[in-house]
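First chain A sits with chain B, and in the next complex the same chain sits with chain C.
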Partner chain A sequence: MCITPTNRRSFIKKMAATAAMTAAATMFPGIVFAIEQEANLPSGNDLDWKKGPCRFCGVGCGILVGVDKGKAVAVKGDPNSSVNKGLLCVKGYHQTMCIQAKDRLTHALVKKNGSYVRTPINEALDIVANKMKETIEKHGKDSVAMYTSGQSTIPEGYVASKLMKGAIGTNNLDCNARLCMASAVTGFLTTFGADEPMGCYEDIDYADYFITWGNNMAEMHPVLFSRMLEEKNRRGAKIIDFATRTTRSSSASDKSILFEPQTDLAVANAICHEIINKGWVNKSFVEKHCNFSKGLTNIGYGLEDKFKFTDKPEKIDFEAYKKFLEDYTPEKVAKYSGVSVKDIKYLATIYGDPNKKVVSYWCMGMNQHTRGTWINNLVYNIHLLTGKISQPGNGPFSLTGQPSACGTAREVGTFTHKLPKGVVTNEKHRRLAAKIWKVPYGRIPAKPTYHATEMFRAVDRGDIKFIWTQVTNPLVSLPKTSRYRPAMEKDSCFVVVSDVFPTPTSDVADVILPASWHIEKSGLYGNSERRTQHWDKMVEGPGETTPDAWMTIEVAKRMGFGDLFPYSEENHVEEIYNEYRQFHEGAKHGMAPLDVLKKQSGVIWPYVDGKSTQWRFNAKYDPACSNGEDFHFYGKPDGKAVIWQRPFEPAPEAPDDEYPFWLNTGRVIEHWHTGSMTRRIPVLHKAMPSAYVEFHPEDAKMLSIGNGEKIKVTSRRGSCILPASINERGLPTQGQVFVPFFDENMMINDVTLDAFCPISKEPDYKKCAVRVEKA
Partner chain B sequence: MPIKSYLAHPQEGKKEDLLMALSKINHCEVIPAQNKDVIVLVTDTESEIEENILKEKLEAIESLKLFSMVSGFDTQN
Partner chain C sequence: MKRLVIISLFIILFISFIVVWNHSYQTGLEEAYIPIERNDPSSIIPSETGVFKRSEHALDYSNMPIDETHSRTLKEYYKNRAYPGAPPSIPHPTDELNLGGNKCLKCHENGGYTEKYEAYAPVTPHPEMTNCRQCHVAQNTETLFVQTRYENVEAPLTGVNNALLGSPPVIPHQIQMRENCLACHAGPSAPKEIRVTHPERINCRQCHVPKNGETTEIGIFKR
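Up next, the complex of A and B:
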């Protein structure tokens, strides 16, 4: 087919129009466009459209990538994906443009006498394997570590876990999902005994109210937010934004309620107090399906190295719980939360009304919290007390940040304490892993070792002498990088970094391995709604770029574990997935076979008898329910969910005379996390070229600070200079500043605090105390 | 040389105003739905600079409530 540039252009325009009409048809069933405009639209051209999930966020939109002569030239939303129904956000559309970046890592680089030398990939992998082996021989298994990602594919996470836990026999594996999702996991496990949300995105089509807890969905989960806005426009669904900062989400919501940092714990308890006080408890649901428990209090903040904490749950009864809530009347809580009595009661009324369906959404605001597990528990309490759970349009829904935080980090289990099924501390789970991996049972250690923060502390102490990071950029994303960057620079630790682009982390590496980007390899991701999505390799990567899974396998073989990694280079994704699926067999977590995933735009697990389970724990939808009741929380041995008594406890560091402002950090819609990909996409980089420090206009006035003026933000850990932003993207409350963390030239994580939730070990990036002054 | 398509959602009762406003802007083609409050918008610009200027113009339209991107093509490749 011969196409001239002009008619090719008009052809592409028609394609673009078709894509939009298709998306509109999915969103507005029965929609009609003028006949002449629908006529003669192309059904496809010389582009080869290949399906996959978006590379970026945990929404997991389906994309179609148009490939022409071996190059990715276009991206559009997959109209067959029920996640996004053809829509994409600005990052999603532009994603493939980063492949063309001039500074792409195309070959392995090995540091020799202080400078990097281009090295054949096979030689670089020899060096990595030899170094790892030698370190183990000299210093023992626990002197080597791997740090991976919620952006690793399922096969990548699986082989990393198999190498570390099954082959080498160390639990020194953790991942960056510890920084974003760990509190969600411990919240689910403590309340339900089973990880991941019970509902799915289809809840959006049924809910009357969406209550977002510290969650700027308009920027962080934009396509889901568009779907919510559709429901707002179409049938009057309401969006209530409960946050510490006014954002794009707040302005698009029906109501915005602001609270003082950390007091979400108290407000959640006050909502429960009001629900009980007003008699809105769904008594039969609570009696049949819930237990009450309390745990330890004053549990610390993990600020010191080798911090240890184990909770001691104790059963209580409803009366004791009710008594505990007396400290949380709306009147008492209003005094320190900044939320009025009226607004607390308003929130309680929404949850308490039996005729209104409510979905609660949250992400980093609740998870990156020194009481992250508790606040997750507390929001579950609200849904359990009212029985608004596991039904279409009713439920708590913890969203993920990364595209495979669920699929890889949580389901494959690339955390120190996890196995692909269950935890290392459980003998049954270790035996299952040993059987499937074909390794001696005794090789898998029963004790977890280092969670993310502690892993980098161990590097600093010299306890870890070899670390391999994959698909992540910890020297921008860890809290308190002012400690961990010098730690990684020390000669005591050999650093291997596998990435697509150079980053501040690869800057300290001894060996840099060139990784294939998303569509240059096959893979699987799992999104926030338990949807597993497969894609086939779409284009060739440049130079000697290699999929991370294959690099791990090559290193394993070189270390003498070839028999445990018998996969073929062409087919390893399929072979690994088929092996991995065995871990989850059964009605509670069964995963779809690969041939089904190849045909469909993702499949939600549990996949039972050829069908997805959309609402878990509800006998109407979930074949794993076996107690003969309407609901069965089968993650717990007695089939009951737990309502937790968890108090308000203050943040470890709060503003004082010396450091009078709260510092809150987060993201912006244009950039993906540390910006290593999106800052190489010209249109996104231009839209948001650098980070900034956001002020409330009154604070700016008081300090005589003008827009764009250079400001030094200083904490007890370090400082960072950024331009001031007043009344632009977001509006922090008075006494608070906000800084996005995507910009490696303005390292706000030099300033943040490495305090974490003692249960989940997830750091709190949302609260520490800083001083601000003109630079 | 980007070509993009969007769904443009008008403010309540302002579909005609939005259609009019969009039709007046260069580099825009519009396809209104006949029976729903949504307009398909295809933009075709020569450069990113032109595209940014266009975006600013679009964002300034008062009758526009929300526009979401659906697809994009880079004709340079």
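Up next, the complex of A and C:
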């Protein structure tokens, strides 16, 4: 017998241990000693730690999932990820616990005579494919639709786009990122001509000031907020919270400035006025790198069906822009914004001081806004006028809500107007997509069809006869669900819902497909800072659960598009990603190859010559800059960013005598979106068991409402009964109430308004008028 | 003549001062940032940040009388966590709006006896992180939204972690974010089973090494 050195070593070790044991046992009877060590060490020590991105928000923390005997039993932050450096939030630490929920969808369910019948997955996919085909034959291509998600993986979004736009030939594909990031996209495109932030999270390490615009980062982007707090404690960086509600973020900030809902437009213009007035404009930067433009005004709110709007940009000069700003002196704006002249000037001083580095952060406060594109433009104006952009520690940074709103929705383009590269209205982009997809060029329609809200209006009208939702729960998350729930219940539309758990959306489905959860499949996500992250399947899913991408492929095959979807079940993620990468080749958007992504905790694109580009448009860091200057905004044909003249316009519905309160909605740290996952995690549900309606203490006193009392919140669209919360999590301004939207038992979106930004078509969940009374 | 030279010299100096000052001001306007140092974040060995934190209290710890009646047990310690290594939840009512820096650290930075709960406040191993409720949440209800099949893994046992008779036990648990041993292993709030007998020694990892799967697995060492 051959004894290897290892065997020999362990043999000697065992001998020694046994000897010691025996000796010890004679001395101290009854005491167990060293030899049992290995056996006695708990199984937790042999956990297999597998790397991936977190399932929840757009920060995109790296996680390590501890797998023991095929089960996920622990989660910790990935210390190698430069995003979170080992830290997570409470959702992140407990995320894997949801997959063990007892009501997990494990098999396909098909509605027969009003009740759901468990059906083999292959049969269910046959039904979906047949129904889709039949609907197209009977009612045309534009009668079928797919509604996906900013939580879909890159391959899932890619095959959905390929199926709808390339194979079937309809632009009836939109996603829930329309409800969260569309205004950010149109903001980027109108100002820079290229989507997604120019900076990265490393900005936090260099900035002197963090100004958050309507953004409760302590709860919504907690890990980034912790990084900011660390810089605050370490080197005195300052956090300034500019919001309509006092939150956890406000209480941890150096200064909290409150404003009246919608007036952020005016305050941003006032800051620009002050910067110009005081001569703080970075003239050489503006001359070399900026243009001035104006667009249409009085652009409407999209409240009516089939609303159409196209902006008409018009170039103006600096003098005209300066003249326009005369309406926005700090004194005039202070009158209606609720922000004092001193505070407006204070903000302007921070942005205007050339020796202070400033990062602006925002998320849903600015995006879910009937003038969302405008307010995005206006904050870019501030950074462009002062030249504080695309440099470490200096820049505007649009945070993302969902884990792959950037990676999937925006980069793969699961919007009606988008293609993986560019837009459907552009012939060059259509030709490129047709070439890579190997479909006839004429098949990809040139006209966008339905954006999210309009898609569900079309379901209501009966124009859409088949809809397939994946990785999203629209009947909790859409605005004005009081209209869209009955719409989806109508017999005129066949509803297919792919999900992991039963939700109010799957309740109205004709077919429910059981999806694999996050770690039960392989995939790729792209976070807020352009970081693409890959993970491999970590555990087996229960029953017949199947990855969403594979279900889409199976349906495509059944519809006769097998030749366009030649992927293998084991390896489809890799094959799809390699195909998708071709769209973004080049210095402006090159994506890292998969083997690099497998090794590292995410890679920022553009990935050029083996290097990430951390600050785009800055020649020092970005190899795509080619104009010989320090900065090059290459998204625009002339290489210049646009400073937009955008006025203040009021919200579509403001408090009046009948409905005297503003209603603001949002999230809480414990729950992710509609709560379908986080409410199934015991720790999180126990921490935040139900939604609530938050009052300012003065308002509560006036209405003699006590904490926990049941309150009915009513708008012109619907009502919702919730317990009152006074002086707890947050403090809305007087005349405003706040309600989190995670609770499917208290559907606040029955109350919200489906008005949207006419440019981005993103609804405003932050402002509508309600009345409150004791229920 | 001499006076003229001196005056013109001063004028030249003054002009050059204005030029230099203006120039540096202008460049400051355009590039107000510091160069970036890159560092490789990858770690092969477990983190040592904060290993010596709280060492200034070591002597106090060793001189402290042990209050057996109010000590926690290890079972209680783990009961408050979803799995070994999960952030513990908050078992007492809190004021919602205030962040850690303001409130939590008053009791949890250094611990101490709390009459109200008849217990010693546990000491946080990472007081520098002040967004406490990013990870720690209260438990406001006992019921669940949906029943779960989740089963907790077994926590590491005590008393079985030394390789040889009398040799120092290894560290059987994850230490990420808990590198500061004394926070949990010393003082009156430490669970009795894991309270160290010699807190004054400070340099814990001189003798106790991790065996917790946290390091990169390199397989069997070969020469």
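The rule is short, and it goes like this: the second predicted complex is superposed on the first by the 730 of 775 C-alpha atoms of A that agree within 3 Å, B and C clash if a C-alpha of one lies under 4 Å from a C-alpha of the other, contacts with A are read in each partner's own complex, and residues count from 1 in each chain.
Following the convention adopted for this analysis, a contact is a pair of C-beta atoms (placed from the backbone, for glycine too) under 8 Å apart; a residue touches a chain by one contact, two chains touch by 3 or more.
All values reported here derive from a predicted model rather than from experimental measurement.
By the touch criterion defined above, A:Gln391 lies against chain C but remains apart from chain B after alignment on the C-alpha atoms of chain A. By the touch criterion stated above, A:Thr329 is placed in contact with neither chain B nor chain C. The partner that reaches more residues of chain A, of the two candidates chain B and chain C, is C.
When the two structures are aligned on the shared chain, A:Thr106 is found in touch with neither chain B nor chain C.
Contact with both chain B and chain C is seen for A:Val73 once the two complexes are overlaid on the shared chain.
Once chain A of one complex is fitted onto chain A of the other, the partner contacts of A:Ser226 extend to both chain B and chain C.
Contact with both chain B and chain C is seen for A:Gly86 once the two complexes are overlaid on the shared chain. Once the two complexes are laid over each other on the shared chain, residue contacts for A:Arg679 go to chain C alone; chain B is not touched. Judged by the document's definition of touching, chain A residues 5, 17, 20-21, 23-24, 32-34, 37, 68, 71, 73-77, 86-90, 93-94, 97, 223, 226, 229, 233, 252, 682-683, 686-687 lie at the interface with chain B and also at the interface with chain C.
On chain C, the positions that touch chain A within their shared complex are 28-34, 36, 41-43, 47, 82-87, 89, 96-99, 101-102, 128-131, 133-157, 160-165, 167, 172-174, 176-177, 211-213, 220, 222. By the touch rule above, chain B contacts chain A in their complex via residues 1-7, 9, 29, 31-38, 40-42, 44, 48, 51-52, 65-66, 68-75, 77. Residues of chain A touching chain B in their complex: 5, 8-9, 12-13, 15-17, 19-21, 23-24, 27-28, 30-34, 37, 66, 68, 71, 73-77, 86-90, 93-94, 97, 223, 226, 229, 233, 252, 682-683, 686-687.
Residues 5-6, 17, 20-21, 23-24, 32-34, 36-37, 40-47, 49, 68, 71, 73-77, 79-82, 85-90, 93-94, 97, 100-103, 202, 206, 218, 222-223, 225-226, 229-230, 233, 246, 248, 251-252, 282, 284-285, 354-357, 387, 391-394, 501, 630, 669-670, 675, 679-680, 682-689, 727-731 of chain A are the ones that touch chain C when the two sit in their complex.
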